[in-house]
């Protein structure tokens, strides 16, 4: 029982990071039909931005979160202007954009390696405190990760459901062309999409950094899990991505009660494969119209 | 014994719904061997869906599709095609990255070189390939696309794509050829010529043709039988004259949406 | 650099290029011909490599181990394909990458059998002795060869043979049916082509070819480590494919030489930079190449634009 509770807490924490990454990636996919293989590296960049603010410049941790958000959102906008929009205007297909983003992920990851080297980095954060809640222990970091993600998720949900921008985003994700004729300023919505998707990636990168360690590979290594989360949740559905991320984190941690922890990731991928085979429309499973 | 039966296709209580939409809602009809049978009905009547269900491109919820004496309902589309029921698509599906002649050659049956192992042994398939190439050229001639044989299919116009679909289906030497609005976008004179050639073909080879068409003149002119669908059901089936004067058909067209296009 | 040492070094780079060429020829069959986006291709290479290594270290003669390993890689392809080939293209890509990672994690964890992260030592068995015999035979005839030459030659002979074989079936009706499936499954099925079987055959053929590259890799490296089979290898394969041209077997050969030189060859040049910075820049160049190709010449150097099909 203790073990179950303990692994649940661990799973919620790591699942939150998957979920944040997945929601951002899923938003970008839903609206721009871009399967962004550089999303993991966007997260990594967020980690390094936080590292610069917090360690190099010696500013407080809270400020470094802002640094991560701003830098990655800016990168999103920059790539939109320099790469994705011109490519869309030339009629590039999904696969072409996907492979382009794969190339960009090489570039970004290795520019990070070039700039900061391959050493592992940590932020100035208290990574030893933990609270004993009787039957389980929860570390300060886990609390931060879970609380920050939860707040971010609620904010995103409110934004998507309550604001004009959010509603426009959902319209675009249904049909870009239709949204355009019905008078929605699609350019503006795309801009917000990158700010939101990039910001979430930055935040996820920050949390991954404080929760584990930062190397140029941090985000790339998480990327497959993030894809898994999105597919588990049902592609193109930000709320599903959240559920998928948490599910993945929980299943991985729970599996350590049965298998060696070194199989954790493999279990996550196995769940992904099983889910795809038996619930190809995601765990929440609304069938999409085909044909 | 199935071969000799005058009925090539017998459809019984076919149903398929999409969410709340009953696209095909208990359709039953028969197609006579060697006939030209047209399937008509207002937009959204379920004609294309019926084709999808017959040819394995969609799975029926219930119902039987007896083709040449055996039930093929729910069978895989490629199997149904190999049995001799070959369809074209309303929204054409030409292979744009392949040449026009390759599109047609693809459809040939009995090419051993399509099997993985035999593919390595050209001696086993080369002579058949030459036959196929000649045959494909002839079929292209028949639909008036000879000029385009070596072009990539992506360069074809909408009407030409329809013709290529038809050529591809013919090349497969079907027993039952199912055409979904084959004349849409095709120059009417050419369209009539092609229909006339299909008419000849069925006398020569015993081909059966079923086609969906909105142009009533064409339908009444060429069909032996007409099946009328409305809202997923078969309203009536009969000779062009009988159908023309059927009040239910007139009602269906008046109430059932935009009708012709 | 000492010229003799330099020769050995270039021979090594070219051998790596050859291993990649074989690996990517497998990808070419899957993506170029069948339109299958296989992001877990490296798993088939891993099966080929570890099957060879495990059989050899357990005393199976090399000439039996190698064909068995290739067959196992093909079998693994069938095993992965059976449940997943009906999935959408992008889902298939993710599933294959996941399957590859599962395999790698298992190899990493089964330390008793595979050596885990410590590596599977002497996986190439008596290859070194065989190599020496070959070298002695030549030096007996007055020809002094670098010790890397025999494998270099073998690798490229295999690569060229595989490419020729693929070109041979490239003109067959089988490949025509496969290309039709790649472009539009419905169109192919409507004229009776067995869509699923064709895809499965292409996947298994590509897997077998990747298995061969795994065998060559084993001979080249002598020890196998799980990190040799990370997803990045597949993606380097994709860079080669994109550069050379999707659909072009010759492009694969040229692409692998270019990419191998960028990744391994640049080491030879002296930059006034630390080693890991140079390493990083090499991959930046690879990334820029992929991006530039996708943006301006998606058919690659040798592909045919009219036949490029990128939206499966």
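Note that the chains take the letters A, B and C in the order they are written out, and that residue 1 is the start of every chain.
Note that in this section a residue touches a chain if its C-beta (ideal position, glycine included) is under 8 Å from a C-beta of that chain, and two chains touch if they have at least 3 such contacts.
The structure presented is a predicted model; accordingly, all values stated were derived computationally and were not measured.
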Chain whose Cα mean lies nearest the overall Cα mean: C
Distance-maximising chain from subunit A - centres being C-alpha averages: B
Whole-Å gap separating subunit B and subunit C, where each centre is the average of the chain's CA atoms: 44
Centre-to-centre distance between subunit C and subunit A (centres being mean Cα positions), rounded to whole Å: 31
Distance from the mean Cα position of subunit B to that of subunit A, given in whole angstrom: 48
Residue ranges of subunit C touching subunit A (in the complex, touch as defined): 37, 83-84, 87-91, 94-95, 97-99, 101-102, 105-106, 108-109, 231, 235, 238-239, 242, 276-277, 279-284, 286-291, 293-295, 298, 310-312
Contact footprint of subunit C on subunit A as seen in their complex: 35, 83, 87, 92-96, 98-100, 102-111, 113-114, 117-118, 224, 227-228, 231, 260, 262-263, 265-266, 269-270, 272-273, 276-277, 280
Residues of subunit C that touch subunit B when the two form their complex: 165, 168-169, 171-177, 179-180, 183-184, 186-195, 201, 205, 306-309
Complex contact set, residues of subunit B against subunit C: 55-57, 76-79, 81-82, 86-89, 93-98, 102, 105-107, 109, 111, 113-116, 118-120, 122, 125, 129, 152, 154, 168-169, 171-172
